[in-house]
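For clarity, chains are labelled A, B, C and D in written order, and residue numbers in each chain start from 1.
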Amino acid sequence: MDLRASPSDEAFRAGLRAWLDATLATLPPEPARDDWPARVAYDTDWQKRLFDAGYAGMSWPREYGGRDAPPSEQLIFLEECSNAKAPYVGVNFVGTLHAGPTLIAEGTDAQKAAHVPKILRGDEVWCQCFSEPDAGSDLAGLTTRAERDGDHYVVTGRKIWCSFGQIGEFGELLARTDPTAPKHKGISWFILPMDLPGIEVRPIETILGSSEFCEVFLDEVRVPADCLVGAENDGWRVTNVTLSFERGTAFVSEMVDAMRMAVELAPHVHDPADRRELGHVVAEFDALWALTKRNVSRAARTGDTGLGGMLMKLAYSEARDRLGELSMRVLDRGVFDVHEPFVEERLRTLSLTIAAGTSQIQRNIVGERVLGLPRERAWPAPGTEG
Amino acid sequence: MDLRASPSDEAFRAGLRAWLDATLATLPPEPARDDWPARVAYDTDWQKRLFDAGYAGMSWPREYGGRDAPPSEQLIFLEECSNAKAPYVGVNFVGTLHAGPTLIAEGTDAQKAAHVPKILRGDEVWCQCFSEPDAGSDLAGLTTRAERDGDHYVVTGRKIWCSFGQIGEFGELLARTDPTAPKHKGISWFILPMDLPGIEVRPIETILGSSEFCEVFLDEVRVPADCLVGAENDGWRVTNVTLSFERGTAFVSEMVDAMRMAVELAPHVHDPADRRELGHVVAEFDALWALTKRNVSRAARTGDTGLGGMLMKLAYSEARDRLGELSMRVLDRGVFDVHEPFVEERLRTLSLTIAAGTSQIQRNIVGERVLGLPRERAWPAPGTEG
Amino acid sequence: MHFDLTDDQEALRDGIRAVCQGRFPSERVREGFDRETFDALGETGVFSLIADGFSWADASIAFEELGRAVVPGPLVWGVLAHGLVDGVPTGLDRPAPGAPAMVEHLAAAGAVLVLDADAVRVVPADAVAGVALDWPLDPLTPVTRVTDLPTGEVLAGADVTRWRRAGAVLTAAFQVGMAHACVEQATAYALDRRQFDRPVGSFQAIKHLLADALVRAEVARTAVHAAAVTLDDPEVGDLDRAISGAKLLAGEAALKNAKASVQVHGGMGFTWEVDAHLYLKRAWVTNTAFGAPDACADRVAATLPGGA
Amino acid sequence: MHFDLTDDQEALRDGIRAVCQGRFPSERVREGFDRETFDALGETGVFSLIADGFSWADASIAFEELGRAVVPGPLVWGVLAHGLVDGVPTGLDRPAPGAPAMVEHLAAAGAVLVLDADAVRVVPADAVAGVALDWPLDPLTPVTRVTDLPTGEVLAGADVTRWRRAGAVLTAAFQVGMAHACVEQATAYALDRRQFDRPVGSFQAIKHLLADALVRAEVARTAVHAAAVTLDDPEVGDLDRAISGAKLLAGEAALKNAKASVQVHGGMGFTWEVDAHLYLKRAWVTNTAFGAPDACADRVAATLPGGA
């Protein structure tokens, strides 16, 4: 058990730092949050630079243009980029972190050839069409239908919380292909070309007053059958393969960012009780950063982050919530401007305990999958209640 | 909406204070906690003094020797007694607060005549035999059987958490008289003479190292049929009538005691964060004291404390827990002696979130009965699970 | 002692609630505050309650209803300065030298009341120089960062200590109303929203979150009523302690319950469309006025023997 | 970097765990600590780990197992003073003048180590005068209130700062073991105990209580491992911050998880018979040693830029 970086990790870090130093100085100014064309241009330009420098697809296999770097280098990459305030993955998020890895693992040769290189170079932007108004925590309860009709599937339904729906050229789509099967068994995973007729995208305004998510309305959209990824009705498994690509690094950028916020808050904290709370939150972030190293170390050896990976989201979200509340108490009314970074972050991080599995769902997962406590039973179907 | 005491309340308070001043000075020293015969003597002597002075049975009807005092006087009585550090109700707890009121409401004339006057004068000590090892939170799941055999019921089972089981002459007993009925419908309420053959009492050692509770083993105990209170199988309703006698005063002694602890702790609290926590807890106790007045006021008008009564236990238990934790932080190792009042109280109050309905059960009650959220459904019976 | 709403007070509560439901539904509230809102509220009599002989307890009952509807505006100042200044009143505590001074609703205001160490002073609104925040945290509470706050003139007959106390009570009452509204709105959603083939409110995780929220709101409500009654009749208790405790608990209830409401609403709670965020943002904003929670907790502790 | 247990460390953990299960089951633990216990533990090698060339990380892994079994005794002092004094060592931080001095396990001890500002001093146990508490909070940790604590003699070669740091790490490791044991014992009970015709562990209220407890224990464990590794190799981090943070989180995990265990055990958790109270009481006692949680939080904050 040690925390010493290996010589090769140190060398990687030094090279990356030098490249970041040189490259970040040449970037254009960051675009405004609601200027989507500018954001696409900015983020895909950054992806191209990463690609040209060999830093795109850190975890991707070499045969797909990735670096196939060990988890420790992924960790360093994310840490250094965050520390240097390099651009976030931004509009490339769905493509590089979800769709690309899924296609690599489950796509046909033609699907891979059509999309994977473009995603890696920043030539193709993806969005996600998973959740539905009535299928959030219970994602497998989704009802968007995809009915086979010759060499197409006809898709009708309504998706929500579609990140980058405004600008995605392709969407990751989950739709029900067998409504008679048990709910996890009748779902398929599709590549959804977002320019097909019958697709309507409507931005959702968040509590930040901006629109990071969209609703996507699908009205008899004819999706070519060769857009099916993996086997029909096997989409629930397909959508879960993506996770293993993270190898313990999922919250690294968040962690670095949180620690920076804590350090920036410190000079404003004069009240003794608030200082103690800050010390407590920092101790938690320190521990979660150590846990990240534990997860990355374990993933490097076993391919799986184990317990540490299962509890990271819950622990991080709750710690970040404490930091957010502390910052609001400390700042008081003098700085209640949404453009104040602490305020913006407090609002943004409210989504951490909700999105991608609420803290309540996370506690179920820890309680059931780790501790082995019994699952909730299904309620009787309506009409059969005792 | 006012907080002014009425002239008659003020007069009652003044009279009580004078009596307490005169009487407390004549009391013998308090007995040791584990000296049960001495405790019985001390507590029943106190009850006799209350009776002689007209303060026994504050809420009891006059025809049963009670004072039938308005709730405001009950509140003043408990407040003044606690402030004066008068003896607690002690071994008279079950008799005066549960069994007596139940008999008054549901007993036959013979049952009332046999027990009610004695309970009020401190001539009869009662204990409670409700919970069972497998029926705690789910009290209605109790399995102690009472089978009719001629003019007796034959009772077999095991009771636990029997307060004053060591010394009770009679017990409040809940037992199942119809095992085929739905669980709330097959229970009956009995007077259990504790000297009947087949009853064995075993004290339970608590985390305080003392024995406030007992297990009671019942082995074919022949209970006379005229010990049945209320109708056969109507015991669940019978056991719930007692509550209405409290009229909002259930936590008054606890509240006064908690506030005294907070005030006594204050001079030891030097750390600014601890002082703030103390201020917070005191604000909660102040609010709960006001809530007590609200409950008493409402009970005086409507006979029911409503919402305030339903949430008092949960709110008080959780606030008291915060005070207990704070006291342990403040006292640190210098005073970690169980005979130190703060330590003893910290250990004792751990039972507040557990006994008589855990905080989890209390939250269910508030969520379901007040907010109208759906109840948990029963699980499928074993063997029928999907 | 009858520490419960009288029949008159219940009628007052129901009346104000009906007014809010009729005239300040969510769509109207979202249009924000202006002179017209002020006049509409003035017609209901909420600003003149004290002048009309009602008690502070009555006023706090009314403000609880305004909070329930999250009505925007410098409402507390509307009561405090009723009949004393022209136009819409707003105000602030005079900041320590160098501290930022923020005034809410300056554009709509005619006069700014400044709470000084020993007096209430009036400054004409157009004499206050400052920069309006582009994106105030609460979209319904425009805020101006003041760059020049003239001394103003002493408002004769205004007791600054009493203003601070009354301001704290009314703000706390408003917060209690918000806290209760959050429980009600989240409960309604939890009853309606189904996941895993059952209402999400049937899950203990949600049920207990809401139960705790209700307890917080109701305990805080009682504290506010006690503080208001004590403001009316200071002999029945320790007024500063009652007010500090009430403001602390009410502020905490408003904030925690609004967060609980966001959480129960799930993804929808993170949208502009659902009202939960309006309550959360107003909770933060109101917590900075007339005593922040931490300062209130300190003050309660200071009232204990040996506690100064 | 390989921040995970090595195969050797896993073997060490499993070995100590097996020893504890075999020699320190609950019945044996409840008999308390004496010289025989000390010798039995000494035979397992836990006190000589550092002397035998193991790392502090290894020692912390061993202490986690001792904590899991809630083994009684002045165990941390057994490591710190290994080979340096005769008989069973115990110890304490020299109290400020006037503050109460408490020593654990004095009757069983041969020597008392006193951590002074700049040195470790040794006092023969029989030279320390004091009054044993009749009812120490933790029945397995006898405590003496010291009335006379001689100055003692400087223990050559003992670095008092390093002792304090190592003491904090080992205590925190012990606490993490307790925190995990509480989760395990409460989980076992929640699986076994049925109410309302289902295991109580199927209720979200219990499930989530235990899930949070597990998260606390595991996060604290990672913090302790990081602190121990940093104690072995101070260049990899800020040692004081790592240790203060670890002690804070481990102490909090031990205390909160023991309380959760009492709660999950319901009425049985309030009995002497179930072990939950032993963990709770030891959690309180160990939180007073080598840095109370609040002081640790203060120290972490003080490490931030502008934080002193």
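In this text, a residue touches a chain if its C-beta (ideal position, glycine included) is under 8 Å from a C-beta of that chain, and two chains touch if they have at least 3 such contacts.
Bear in mind that the values here come from a model prediction, so they are computed numbers and not experimental data.
Trainee: Please work out which of B-D and B-C is bridged by more C-beta pairs in contact, and write that pair.
Mentor: B-C
Trainee: So what's the Cα centroid distance for subunit A and subunit B, whole Å?
Mentor: A distance of 53 Å separates the two centres.
Trainee: Measure off the straight-line distance from the CA centroid of subunit A to the CA centroid of subunit D, and report it in whole Å.
Mentor: Those two chain centres are 39 Å apart.
Trainee: Among all residues of subunit A, which ones touch two or more of the remaining chains?
Mentor: Within subunit A, residues 271, 273, 276, 360, 363-364, 376-379 contact more than one other chain.
Trainee: Could you check subunit C for residues that touch two or more other chains and list them?
Mentor: 198, 202-206, 208, 294
Trainee: Touch graph across the chains, line, ring, star, complete or other?
Mentor: The chain contacts form a complete graph, every chain touching every other.
Trainee: Touching residues of subunit B toward subunit A in the complex: what are they?
Mentor: Against subunit A, the touching part of subunit B is residues 271-273, 276, 377-380, 385-386.
Trainee: Tell me, which parts of subunit A touch subunit D in their complex?
Mentor: Listed in rising order, the residues of subunit A that touch subunit D are 1-6, 9, 72, 262-263, 266-267, 269, 275-280, 282-284, 286-288, 290-291, 293-294, 296-298, 300-301, 307-308, 311, 314-315, 360, 362-364, 366-368, 370-377.
Trainee: Which residues of subunit B touch subunit D in their complex?
Mentor: 131, 134-138, 141, 160-161, 204-207, 209, 271, 273-274, 328-329, 332-339, 343, 350-351, 353-355, 358-360, 363-364, 376, 378-379, 381
Trainee: Subunit A touches which residues of subunit C in the complex?
Mentor: Within the complex, subunit C contacts subunit A at residues 99-100, 102, 133-139, 143, 194-198, 200, 202-203, 205-206, 259, 262-263, 266-267, 269-273, 277, 280, 284-285, 288-289, 292-294.
Trainee: Per the contact definition, I'd like the list of subunit C residues that touch subunit D in the complex.
Mentor: 203-205, 208
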